[in-house]
Amino acid sequence: MSNTFGKIIRLTSFGESHGKAIGGILDGVPANLEIDPEKVQAELDKRRPGQSELSTPRNEKDTIEILSGLMEGRTLGTPIAFQFRNEDANSEDYDHLKNINRPSHADYTLTQKYGIRDHRGGGRSSARETASWVAAGALVSGILENEGIEISTYVSNVGGIEVKDVYRFFQEEEIFSNAVRCPVPEVALQIEEKIKVVKQENDSLGGQITCVIRNLPVGLGEPVFDKLDSSIGKAMLGINAVKGIEFGSGFRAASMRGSEHNDQMEKKEGKVVFKSNHAGGVLGGISSGEDLCFRIAFK
Amino acid sequence: MSNTFGKIIRLTSFGESHGKAIGGILDGVPANLEIDPEKVQAELDKRRPGQSELSTPRNEKDTIEILSGLMEGRTLGTPIAFQFRNEDANSEDYDHLKNINRPSHADYTLTQKYGIRDHRGGGRSSARETASWVAAGALVSGILENEGIEISTYVSNVGGIEVKDVYRFFQEEEIFSNAVRCPVPEVALQIEEKIKVVKQENDSLGGQITCVIRNLPVGLGEPVFDKLDSSIGKAMLGINAVKGIEFGSGFRAASMRGSEHNDQMEKKEGKVVFKSNHAGGVLGGISSGEDLCFRIAFK
Amino acid sequence: MSNTFGKIIRLTSFGESHGKAIGGILDGVPANLEIDPEKVQAELDKRRPGQSELSTPRNEKDTIEILSGLMEGRTLGTPIAFQFRNEDANSEDYDHLKNINRPSHADYTLTQKYGIRDHRGGGRSSARETASWVAAGALVSGILENEGIEISTYVSNVGGIEVKDVYRFFQEEEIFSNAVRCPVPEVALQIEEKIKVVKQENDSLGGQITCVIRNLPVGLGEPVFDKLDSSIGKAMLGINAVKGIEFGSGFRAASMRGSEHNDQMEKKEGKVVFKSNHAGGVLGGISSGEDLCFRIAFK
Amino acid sequence: MSNTFGKIIRLTSFGESHGKAIGGILDGVPANLEIDPEKVQAELDKRRPGQSELSTPRNEKDTIEILSGLMEGRTLGTPIAFQFRNEDANSEDYDHLKNINRPSHADYTLTQKYGIRDHRGGGRSSARETASWVAAGALVSGILENEGIEISTYVSNVGGIEVKDVYRFFQEEEIFSNAVRCPVPEVALQIEEKIKVVKQENDSLGGQITCVIRNLPVGLGEPVFDKLDSSIGKAMLGINAVKGIEFGSGFRAASMRGSEHNDQMEKKEGKVVFKSNHAGGVLGGISSGEDLCFRIAFK
């Protein structure tokens, strides 16, 4: 299904960047889950562009309106519909682009595929669509919280300037201490400087994001097609401008020997413990209980 | 669905490595497609291990038996079921592994997930399962042939010894000219030497495979969740031991400027032509008509 | 998926009867289909209760707002989201029902299933939800129109007073000539009288609806699980208060001999013609080209 | 998906009546469920035709072969593949039917849909396909048994001769005490007589089957699209030759008043008890805990 993602909990999203609204329906959320709309909005505020001089200028407040599925702060087990009305949609700004295919955008492929295209701001292919993803994640983040699962996601490389620590779990305060969301202050500073220079030259930079998830239970993912890593891979490669993903040692594994790469296990107080985590927390497509670690590359 | 893959054409696979049989059901194949079982077998023979001293010793003939969906060499539009009976399944060889979790295998995670496990040869998580994938692909390869779509897949890196040409389309004769399926003879030779050394030390090596697909029509893939690259990513990350995937410039994009990365278009004889292909043949999740190019890393 | 229906075109619906809004996302609609919002609204107006003294008093205008997927009256191939804001939602009217389970309603089962329930007006189980179904059907009705497919749906029985003609195709003007949507005037009159009497006694009546679809192409439906009749059956049994469905001769088939029931074919001017249509337009789960005929019963 | 049925547990089936084999893959079965192949075979033996002079003469033993998913009598959580090799497939018997479309069969519609058809014994549309359904049900029947859920299914009407008791739960011994599987001996006798007469005239008879399921928990089924009754309806209407289904009062509801039909509830020892069951065990698409009762009509 083209506009639906997920198995147990499923997001169906809609909306063109400069249409009336974007949003989605989140189905499969269990009943009686507490949801605090303010917390959801707080997550959305982190995604919102236009917060610093380093990002794109469009200024949408992205205020979420929840239309169904909740009663008195609790889920009903019914679908949760939400939307973001478009406010800063200056459609006329795009009139000059009506017949132009911008390089590195979906303009050309969308037109070829559908024979029609909403040319305003990328239409359906706008990165603005990810607001619905963030909303979906924020709405059900309580499920992870209840299980003690924690996620650390941060910018680890911009234009080749990178965080040296591999798969370190950084705290949210460290990550959000600066405009580029890079948790190592000196790297963040260099990145900011580089972005400013490149921006003045009307250019942009690629980068990487690192994600470390801890306290996942053992056993998530299926042994064959719906492996945990391939499912996450599908999600991540679906984010606009992502060009690659690697788990654990990833592409470096190509140059490693099996003996180096294999994570040995031992029993400690009756519990299996891994001595290393080259696998990145997944064995045979199933979570091993170690930190789930991956990295994605953006153009 | 855990054991089903695909949207229009769907493979549901079954089987444990050392059970009675492995196989699958391929559904959604259009009627009246010609299928030559010998060609299918020829593809399967390429996958089969035990063909050189460089690979694992298990020797299964993997002779496909097609049970349904065909009549007089043509598809009926009904599901095509196929199976491989296991012959070289020396289950006793695995008795000593019954209570042992091999590192870098799914043994530990399978047991934790299901509370029961077929310990013989990896059970459901055996790479032998990919025989069903190859069968599925080979059965419908005529659809690609009819459209003139060609695929070049080859080993481009083993243990750090790599093919220098990036995303070159090699012919099948070049690729299969040696035991390691690396189309550049001098690189192939070095790789063979290295594998022999490492094998003597009871060790193994990681590697990379490069894939180049040409003559794809413009317009494959969906703008949001079922992007062409994210769907291929899911498939590739589902192959046993794969740790990463990148499209086009991939992880190198992180160090590039937008101006370097953007593939400019021009019109030649009324047709859009791209001057470069850093995107790897996909724009906004939709095929651009350029060669689709990706690389995967194995541990 | 609990709140998604359809294979090629899929409706995901949301909303509780007295929440902020109900609506849905229609996905899979081809690009470049003309949609006239006024025609869609006209179909919705037919569904709207409160139009005569014979139906329930709630008066929602059910004005559709389309949020995405359209540009200048044409579909973009992207999901079409729509919603109905609730206006006449007098939630306080339902306060006395908070802890009461009305017989023949979902109150009891919803509470048992989810442990929480929106008690206002049936919540998610309100028949108001069918407004989203009507919207979905109306949005894509142009596809049927372009193929010349016509649907005749009418009340054929209320409280035992019934239309004698079996599976006759009535015109829309005949059906909508009276408040009960029964195309035979004298039957309609009797039904109206009966409803008035029963309503005064604070009671209600069961009924039947007959549907005849003509000009369907041969070949719709799958031979095994997704048969045309079983798929329609699933849809119809999903309408609130429906207790049964039969195709063609239906339950009367139980008392018939095969020789009576079998629809003989003959060739007329090179075309296969059926001499009767006891099958109701479907053979082996696939449309035969004859009128598709079925009947549903309401409590 | 055309050849897949089910949500949590899914059957994907394959096979043409006179091909090499028919069978299926059952996916989603939990691990560690005990399965006794002999019990499965016993259920299949009940379905097998050719057991009395009253049914079709084809004599297939339908011996199930389980290919995967089991180890030492327990499920592994992996897909369970099974097959029935065709033995009594006298394909030549069908040569005269190659270009003939039998009335009341799928011959004509299959040919029109696919442009190709396995004409032997109905091909994919043969009722023999239901052997795979029976196998699937029998394989997981232990899940119902563990919950104390019991199913009573019996012939309640053949050619108009019918069982008077409505939705009575009959024991298996009563049902299988005669060749027509009608649990009321005097009705069974009349039916047998009638079938013999009609058979001599080379004709056949329609009929009805009644199903009563007891001890279902409250809460099965979804409030909107995947209602319990609409899902069962889809399954039942998928059985070859079924022309209708009704739940509880069904088509008789059309002639009833709401006050007659509504099942009143009362509290007995703290538990909700229904005073009647016109609804047939389902309210708003969700099981009410009362007996689930339905009836299907065959041509």
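The first chain written gets the first letter, and so on, giving A, B, C and D; residue counts start at 1 in each chain.
The rule is short, and it goes like this: a residue touches a chain if its C-beta (ideal position, glycine included) is under 8 Å from a C-beta of that chain, and two chains touch if they have at least 3 such contacts.
Everything numeric in this text was worked out from a predicted model, so none of it was measured.
J.: At the place where copies chain C and chain D touch, is the share of residue numbers found on both sides over half (same) or under half (different)?
T.: Same; most numbers are used by both chain C and chain D.
J.: From the centre of chain D, which other chain's Cα mean sits the farthest off?
T.: A
J.: Could you give the separation in Å between the centres of chain B and chain D, each centre being the mean of its C-alpha atoms?
T.: Computed value for the inter-centroid distance: 40 Å.
J.: Report the inter-centroid distance (CA atoms only) between chain A and chain D in whole Å.
T.: Distance between chain centres, rounded to whole Å: 46 Å.
J.: Could you grab the centroid distance between chain C and chain D? Build each centroid from C-alpha atoms only and quote it in angstrom.
T.: 27
J.: When you check chain A against every other chain, which residues touch at least two of them?
T.: Within chain A, residues 1-4, 13, 78, 113, 124, 223 contact more than one other chain.
J.: Show which residues of chain B lie in contact with chain A when the two form their complex.
T.: Against chain A, chain B makes touches at 1-5, 13, 101, 103-106, 108-110, 112-113, 124-125, 129, 157-160, 198, 203-208, 218-219, 222-227, 229-231, 233-238, 240, 243-251, 253-259, 261-265, 272, 278-280, 283-289, 297-299.
J.: Using the touch rule from the top, collect the residues of chain B that touch chain D in their complex.
T.: Contacts found on chain B: 1-4, 10, 12-16, 19-25, 27-28, 31-32, 65-69, 71, 74-81, 83, 113-118, 123-124.
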